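Labels for the chains are A, B, C and D, by order of writing; each one numbers its residues from 1.
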Amino acid sequence: MLEEGKIEQRNKTGRRTTCRIRKKHVRVGLAETLSTFVMMVFGLGSVAQVVTGGGVFGDFLSINLGFGLGVAMGVHAGGKVSGAHMNAAVTFTMCVLGRLSWKMLPLYVIAQLLGSFIAAGTIFALYYDSINHYCGGNLTVFGPKATAGIFATYPAPYLSIQTGFLDQVLGTAMLLLCLMSLADKRNQPAPTGGEPVAIGALVLLIGVSMGSNSGYAINPTRDLGPRIFTAIAGWGIDVFRAGNNWWWVPLVAPLVGGVTGALIYKAFVELFHPKDKKPKPSGPSEHIPLDECKKDNTDECVNC
Amino acid sequence: MLEEGKIEQRNKTGRRTTCRIRKKHVRVGLAETLSTFVMMVFGLGSVAQVVTGGGVFGDFLSINLGFGLGVAMGVHAGGKVSGAHMNAAVTFTMCVLGRLSWKMLPLYVIAQLLGSFIAAGTIFALYYDSINHYCGGNLTVFGPKATAGIFATYPAPYLSIQTGFLDQVLGTAMLLLCLMSLADKRNQPAPTGGEPVAIGALVLLIGVSMGSNSGYAINPTRDLGPRIFTAIAGWGIDVFRAGNNWWWVPLVAPLVGGVTGALIYKAFVELFHPKDKKPKPSGPSEHIPLDECKKDNTDECVNC
Amino acid sequence: MLEEGKIEQRNKTGRRTTCRIRKKHVRVGLAETLSTFVMMVFGLGSVAQVVTGGGVFGDFLSINLGFGLGVAMGVHAGGKVSGAHMNAAVTFTMCVLGRLSWKMLPLYVIAQLLGSFIAAGTIFALYYDSINHYCGGNLTVFGPKATAGIFATYPAPYLSIQTGFLDQVLGTAMLLLCLMSLADKRNQPAPTGGEPVAIGALVLLIGVSMGSNSGYAINPTRDLGPRIFTAIAGWGIDVFRAGNNWWWVPLVAPLVGGVTGALIYKAFVELFHPKDKKPKPSGPSEHIPLDECKKDNTDECVNC
Amino acid sequence: MLEEGKIEQRNKTGRRTTCRIRKKHVRVGLAETLSTFVMMVFGLGSVAQVVTGGGVFGDFLSINLGFGLGVAMGVHAGGKVSGAHMNAAVTFTMCVLGRLSWKMLPLYVIAQLLGSFIAAGTIFALYYDSINHYCGGNLTVFGPKATAGIFATYPAPYLSIQTGFLDQVLGTAMLLLCLMSLADKRNQPAPTGGEPVAIGALVLLIGVSMGSNSGYAINPTRDLGPRIFTAIAGWGIDVFRAGNNWWWVPLVAPLVGGVTGALIYKAFVELFHPKDKKPKPSGPSEHIPLDECKKDNTDECVNC
């Protein structure tokens, strides 16, 4: 783990190290932004196509495929650089588990918000004609021709806040529980190289089985970025009021759910692994090269 | 295989060994419970979504995907610990084939029942608002707004008990026949690391081709746990009466079918493998570390 | 390749060799029968489910999945023993290319016919109630409640025999062309262990793109076995008369198409492979251990 | 990279080298033609089946599957020989990035046009009866029974040229961005041997999320070849006039988009890779054996 104090102690001048750390932040931030952008362009695009397509250009399964494969491509886009969390609940859980420094959390969250905000703008431009044709130029959050649901998630009319909160807790718990098992080298992990597809299949599966209550955000940054975009782009403040002020649920509940799911996996499986097997670090964080700077790796600082 | 007597003979004190065996039972039991829970949350969730979604949130194929990928994630969740049978017909067949000690059967069955019972409760909570909205608060087993079929399986109205019994025998026979071939290292097995997806695809395939008669339970524990839950949760004793007392068919027929399918594979392929090839143990049981305790593996008993 | 004369010359007594050959015939025949049975139970089952399910239990895509994944499971069931051709057009093409002895052709064809005939009977029993409920007990080849199409293939009403013949030639040509490339180790073959899924995806793809004209038999034995079954089981001689005596087209055209497709791949790609790369045998036939008997492999004959 | 001058300088006679180069051109051209043909037969076939099938033989998702898996099979058909670009935007981007000699561009483009033109003819023959039955023999570009969209792409009625241009730029940008990441060995690339399926999944994903505006050509040669075919085969000059002279958009915009997408990946990820890791050549071009001729490889020229 990155321990700033220790490093500075060792490198009295500190310049080179600081520079390297900054460079790594740029690397990780850009990769995380790109990963999230890729996931969201594909995901939001699939919703836009279904909503405005009048039943001809796909159905709920294409949305599941759009987000599922979109996640897979997002992991390909930046997986070995930033870990491609693309989800603040994943980042938060990694921090709680001690697999990522808390100091990295803001960087990840900002990168994810940026990526999903830009993706929302991109999809708005791409489907501008289509959305206007569908809703007659009337960008609404409610009603039969509502289009705000293309970008952020909204609860079904029958859903109470309590069940909605549970919905987001449970969905994210299943996400992290399964991510932990996909990465657990002492159990039955995803095959080497097949991690992106396995994670994508997991997200598709959550959409297929837990998608109808509130659109399976299970991701605070995926939801907030596009919601802010729609508030600005013409849907107005209703995007925050809708669903009995639903907007805070996909921000808070996934944090609770993510940690819960990861702990359940630990309690049921990881704790019981035989101790003589060498425990390897598991979870998406293993790709994140954020440990202490290595002196021999000086080339990286040239551009600073 | 675990031979209790032999072990006790060797370890006069027996303490350490007993302890290690107990620990293994806990490990295996928890992993099997978690695996079954994961499979069932995704599987039942997909049915709930389709039934209450009014045709907008998926169709029969999403249920096939829900159970197929749910099985795959269940195998990831506990595959190398308990073997992730998640199905008493699989466990029973492994015992008949001598690949698992009969003494382990009750542990597996209890773990599977527990996992699927808790999953039923979880899905009931998650879709509580949705189910009530769909059926007007009237939890019924029969009629156009019946919702019991979200949790346990029921036969189509036209289905005779005989054909229904055959349906469950054949479905489970195909399951075990193909599981045997997926695990047969001397034939064309599933690729290393790809076993969970292969098994998931197999379950999806059974749903696509043998699902309309009675909902392809092909699994006693998957069916009984949720059925008991619904009997308690408000659907009442009708869940056992429905379909001409259908409930016992998915309990008995899969046991017959599982063994039949496995024997057919043995008779058509396994028996004819050249004898000079070293026969490796095949089948899901190979992951189950239930053989005789090894003395050098003492770390495991520390917590006893 | 198996050269009977040479073998007998070497083994004056000939007994042991004859015995070993017979044993191999049994092995290959049983594996091929089982593979074809597995493919056909899943394939025909998916059609039966869609036809009798009234739009609720799947659509054309589930049939594509049923045959696609069914082929994959068929390859798993016997792939390393018989090669799991499951299709006389594949076997015929392998013979034409010199990758399989012509003497093996009848064995393969009989095994494939047997497997698909038994599968047709199995699916008839499994869907007996369902079919009767759907068509009111009237097993017909024509009309809105026709059910013969569950088992064998029939052309669309608008299809001329010429276009239908082309349809079967082209479908089988694409099948063999792609099978050749999936097996060509000097090009971009299917990943090791992933052959069954790749072949299944290919069959799914043919169904998705060439299925509407006449149900993509692309396989003489897959079509004839179930057609004979239906003729006996109650649909009568109409199954041969329907579609302007369509029955012979899926028998003859795939043989033409298979060889054509394989030769096209050879002409466009295989012939141009650099000669200094060691040519490895490619194609499904590489799994078939039918070459000359090896003396050191005597254990195999023990049971004769 | 192929530097003609350098080679001729070294080989005064030049004969053998010229011969070898010519041979390589034939190899690459034929493989690229076959790959494109395979992709297009499956892709166009899936559209024809959906358009003429009246909702019974698939929907938009089957078209996505047809092109997605069709691309995968196309990569299998010629991937290690020509790289299986099957898309002039890919070839153009490879040239811009310096991964393919500009001298090869015309060969690739001609091969791709040829492959897609022949595929259009093949699908026209295969669905000749079906198309005529569907449209009553009236081959039109406009109207409810229009069939020109089976072969080339046309914009939705509401789509402005500007948004349409953006649509093709963005779709191709996402294609190349993700192709770059799938091939980047220093990031999270497609698993070895799984490249064809990963690329196919990417194309499926683009269809699922960006397909409704104008049919996701994202490929100049895929669009032009079949458009020319339809102009000749009976649809007439309307195929160029339709959609406000839409035809030039899928020719120009993908070139812009392809380069943009590749540069975005470079700017966000590739530029920041640690310099001490050996940079391996990435991208589809790595399969293309077009570098300087090797003297020891003389066998190849025998046939010249």
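Basically, a contact is a pair of C-beta atoms (placed from the backbone, for glycine too) under 8 Å apart; a residue touches a chain by one contact, two chains touch by 3 or more.
Being a predicted model, the structure only gives us computed values, none of them experimental.
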Shared interface partners, meaning chains that touch chain B and chain C: none
Interface sides of chain C and chain D: same vs different residues, half threshold: different
Angle of the C-alpha superposing rotation, chain A to chain D, to the nearest 5 degrees: 90
Distance from the mean Cα position of chain D to that of chain C, given in whole angstrom: 31
Computed distance of Cα centres, chain C from chain A, in Å: 44
Two or more partner chains touched - positions in chain C: 59, 61, 191-192, 194
Chain-to-chain touches, reported pairwise for every pair that qualifies: A-B, A-D, B-C, C-D
Residue ranges of chain D touching chain A (in the complex, touch as defined): 59-61, 64, 156, 158-160, 163, 166-167, 170, 174, 177-178, 181-182, 186-192, 194, 198, 201-202, 204-206, 208-213, 264-265, 268-269, 272, 274-276
Parts of chain A lying in touch with chain D, wherever the complex brings them together: 23, 26-27, 30-31, 33-34, 38, 41-46, 48-49, 52-53, 56-59, 61-62, 65-66, 69-70, 72-73, 75-81, 84, 122, 125-130, 132-133, 191-197, 287, 297, 299-300, 302
